[in-house]
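Take this structure first; my questions come after.
As written, the chain order gives the labels A, B, C and D, with residue 1 at the start of each chain.
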């Protein structure tokens, strides 16, 4: 099913007076490995961040208006994505770490992650100019849900810039949208492409947005799962490599950027019992996944990554008692690095595969990565896998 | 709406019936060295961050309501402070660096400072739960004033928590307040104490808030100025040292905290031609000033510091041209470290001296540091200087 | 000529005519609180880093020659100090973190501490130009003792510069000296002042060197111990504050530095169950202790700090198994910050009190802090405590 | 006995049965692009770090003994590589920055690079257990050459571990070898493969070692050059991707590692006028080049990178005067990121292509990447370029 974004609007809400797309339909869309893109490693059941038990993801997608940009009116191509490490009812922090490959972007709350080792609440992703609204809305939500870990909250909200398609100076994301993304979060399949915070994003001059993937380690490796979710909004065309193949050089249609720009936010989740300093190591590996798809993390990029572990529940004792923890041996951590690199690479390609052509402000049109052409190019370079 | 600042008032209200206190009156309030507190080094003319040419500071102070806390209604004891490195009309970024001594707090925009070396716009300080509103409001202001350096903005907004006096979960700071703080910014004397972002803050269990000081280097040292502005909201009483004297052990009245809590935001400005990595060095020295007044930067503290230089105007060329810069030799930087440590120490004491007793939510009353008692204690320890 | 501190003497000579002092006598030397310097907090039994159970300290002190500097011949005023977190027979790493307040110095091995969270072996401190020799010697010692945790070792060796008194370009520290410092390490009383790596150091233009102190938390706080050992070699006279008193301004005799120079290495040890990211927090608090004694961490300073915890033995499992750990709640960490700040301050003053006047190369003579004058100044400022 | 690589041969043995290879022959060895490996971007004349004007590189290669390991006797397969930013006669520091992707390794001197923004001297690379010897030897060399910038030196010495082939616990690198590497440094062609610090290294379970490459920006981009030199010692076979092609999966002969291990040191040089914080950005991009060849930066890796700029000569004024600098606009920096990523990728492949099969201790034999097989695999995936 395809939404013609140029007309009217396409908004997904819980409350409902809008157009809703059946999840089943969404799930019929092919994903990257379904098209025959070869990847290393073994994904989890959903090949999504939600393969890490307990994680919930919610999207609010705002699409309305057409034509010439009128600041404050539209067109609107934006949204909010919320990732809840322990779902909507737990106030239990998770161990976390973060890394900035190129900091032309914002991720609030990182100073406290770095200091405390904990992520105390959800991670939200939106457009650059809505970070503040979403941040304070998250506090309101934590208060309402009674999920504050301290007397105050320092929410983690990140962004990429959707101003090529969206009226990004119009501040269209409101408090209610953040609340809806949070309340609408759920486990299971995660919508990809033009949804949530990824709605108006572009990637290697194709339409980008939200992508996700996961890896499941072998029993010998501990059986842990690593899940990744990206909001992909970076790259110029010629850089794009998929499965090592120079796809960007082969498919030149529809380029529009005179120079490198854009950003990527990456959320890495695992159930492996990693301490904060180990999670920073995971966050740093995201760079290697970006390297595989051809990124150079240009000056304009906000390439900021956060990693958390759902293990060690209760580590942030509230009564001041010592916590009893499990820590993965550093000697066993390399497979988690593998998993992070692989799932990052696949998440980005999944975002590209899922996103659909969109026309936004001032008639700016960004093409979807054409699936057939992708398969042709992979075949040319002898890298087309069997469809799965 | 009621303000009992006990003696005087300089108040802004939501409803608009402003009471303004003449600046002259404000200036009659003694400052720390006026009371005979001895400090090292030579201050600038105003002994304020505005001694660094071009810097403007604006405060919006919100005080209303009384009695029992009703979330969303009040009492309100909060505000916004804006520091503009090059005033209200320049879009020219300044070189900057930052440091977190203890990161239980928020300063947005630091990731881009770290990456680019630039602070692209003002620094704002408010309460913890209003950072988002103030951040997005700053973007709106930059857009309106046409001061955006990139196609998007990543404003620097910091906070400390005023929930002991203020209805901090009531989100009383609105976009307009941030805009007013920005538009109201000016050079010259800087109001201290219960103003702006510092309105509801406490420090060593005395009333805290905004404080400022400066140091002027000798001609041989380059003649540069270092200015500091703090939003002081940290410390338990017994820790307080003023001019090395154990004031906190001597004055025990009015303590209310069972354990260390609170935060401090520090802004360091200079006209010395420092590069970004040198400004990080300045930011790191703030810790030494905090050490002098007795801080241990407890777990609950958001002790986050940013330093910038107004020298090297035009360094952020917009046309991609190489910039021609001046860099202070590292061999000459130590006097700037001295100045930063000294001005940090004095700014904190100035905040304590300027702040007035305040009663906030639920009848919480925080006493001002009693000037006469301070002088007695200094005298007891043979550290009372001549009044200046 | 090398002195083995394990045995009975402690030797200082200008011209080769050795003066031997029985260890017992050495222990009769007063320490700072014995002179009536008031400090906050409660020390452990020894008021030394060795109050943390299991820690061993060894010094090798090299003093020989007199008169004019002949590079490679002397005079020699240098040495090596070794701190062994778990003594000489354990290969079990300890959790660790580090911080550089001003990085004009060297501490090898920090990159692996930062990455792994572990300190795998001892910490050694020597003069700037002997770090390499001591580093490789430490590997040899680990090999001989079969204490390697990995197939290779990345030892932690730090330094300060003793070139004002010592022939520091003469490379007088040899492999054997490092081995002796390691082998000679023991628990119990720690020699202070002109010993080990601190032999030729100066501090606030007085003779400096090694100092140590500790703090014991109350049972309610967990009963943990924090121990600190410093190699103090920093500061210009006028900056010196002891117990908040401007001692440096009062005692002006014997100054020799035209400008700020020098460094301090600080080792913080605790038995509290802190994770690596929490130990970084401890390391960062050292700055606050330095602030109390008047440091501004000048450009020439190598102010580098490492903190480790002897708790969680076995955390670095060698078989790749998950480790079971205990973590102190962040909510209980502030007393450990207090302890770190206090013990840092006292260690530095202990170094000053213990060090004795020394004449080194080219007749450079550095005076000991005169104990009687110190007491007079403390009395003048009403800060002289009862002798303990 | 040491062989001067500039002249005729490149093998050194203690025991004497030398294999000599004419330098000319060495230069006839194909490099990666000569074999038809396609790379992005345009290299400089030499496709080496020495394309950045003024840079000199020296290698000392130690190869002797055979058969069973006898610690201290051999077999020896190690060496030292020296990179001199401004040659052997200049004491003028260069701006620099560094980054650790995975810190299971050592690079001394980084704390001062981070603090001061300068690299004050050469960069040396050797084996893990010889870092100390090489470090102090570098000080001796700086003293002898009168190249000390401060009264003391904090040399930058890095390492990877060659213990699979070399008697790495035998400490075979002596002071004289470091001095020879420094004195032997020169511009022009840089020997690659089994030379200098790279002598005993392995990479993706092929023989590894030293590799280099460069990129020349277009005139419009500023015409700057970026040169990279790597000591490559990382990776397990199946990870290896060359030009995006899964070479490691295709060539399975001669694998020997049960799990990921090893390290890579990368030196990035440029003549673009970058400030220290901009050079850190370059250093961070090395990760993306590593991502392209398949690295996951496993737990055992010491992946540490340093970047410096030869522009802005005289920036480290010795008289304390302000320096006049040129800074590249951040808006123009992305092509330098491209260049860094590309040259890192190519340097690693160059190391693999240049290195020759080596048998070391205990008969451990590591195969060279077979050139013909590489070409076959590239051809299979339609990625074989014309030979150049």
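Throughout what follows, a contact is a pair of C-beta atoms (placed from the backbone, for glycine too) under 8 Å apart; a residue touches a chain by one contact, two chains touch by 3 or more.
On a predicted model such as this, the values are computed, not experimentally measured, just so you know.
*Asks:* Check every other chain and keep only those touching both subunit C and subunit D; list them.
*Replies:* Both-contact set = A, B.
*Asks:* Report back the single chain whose CA centre is most distant from the CA centre of subunit A.
*Replies:* That would be chain C.
*Asks:* Indicate the whole-number Å distance between the mean C-alpha point of subunit A and the mean C-alpha point of subunit B.
*Replies:* From the centre of subunit A to the centre of subunit B is 36 Å.
*Asks:* Cα centroid separation between subunit A and subunit C, in whole Å?
*Replies:* 47
*Asks:* By residue number and range, which residues of subunit A touch two or more other chains?
*Replies:* Each of 102, 114-116, 281, 300, 330-331 in subunit A touches at least two other chains.
*Asks:* Would you pull the subunit B residues touching subunit C in the complex into a rising list?
*Replies:* Subunit B reaches subunit C through residues 101-102, 241, 243-246, 259-260, 281, 284-285, 287-292, 294-300, 330-331, 333-334, 337-338, 341, 380-383.
*Asks:* Over in the complex, which subunit C residues touch subunit D? Could you list them?
*Replies:* 100, 102-112, 114-116, 128-137, 139-140, 143, 150-154, 157, 161, 163, 168-169, 171, 300, 302, 304
*Asks:* Enumerate the contact residues on subunit B facing subunit D in the complex.
*Replies:* The contact residues of subunit B facing subunit D are 114-118, 273, 275-278, 281, 315-332.
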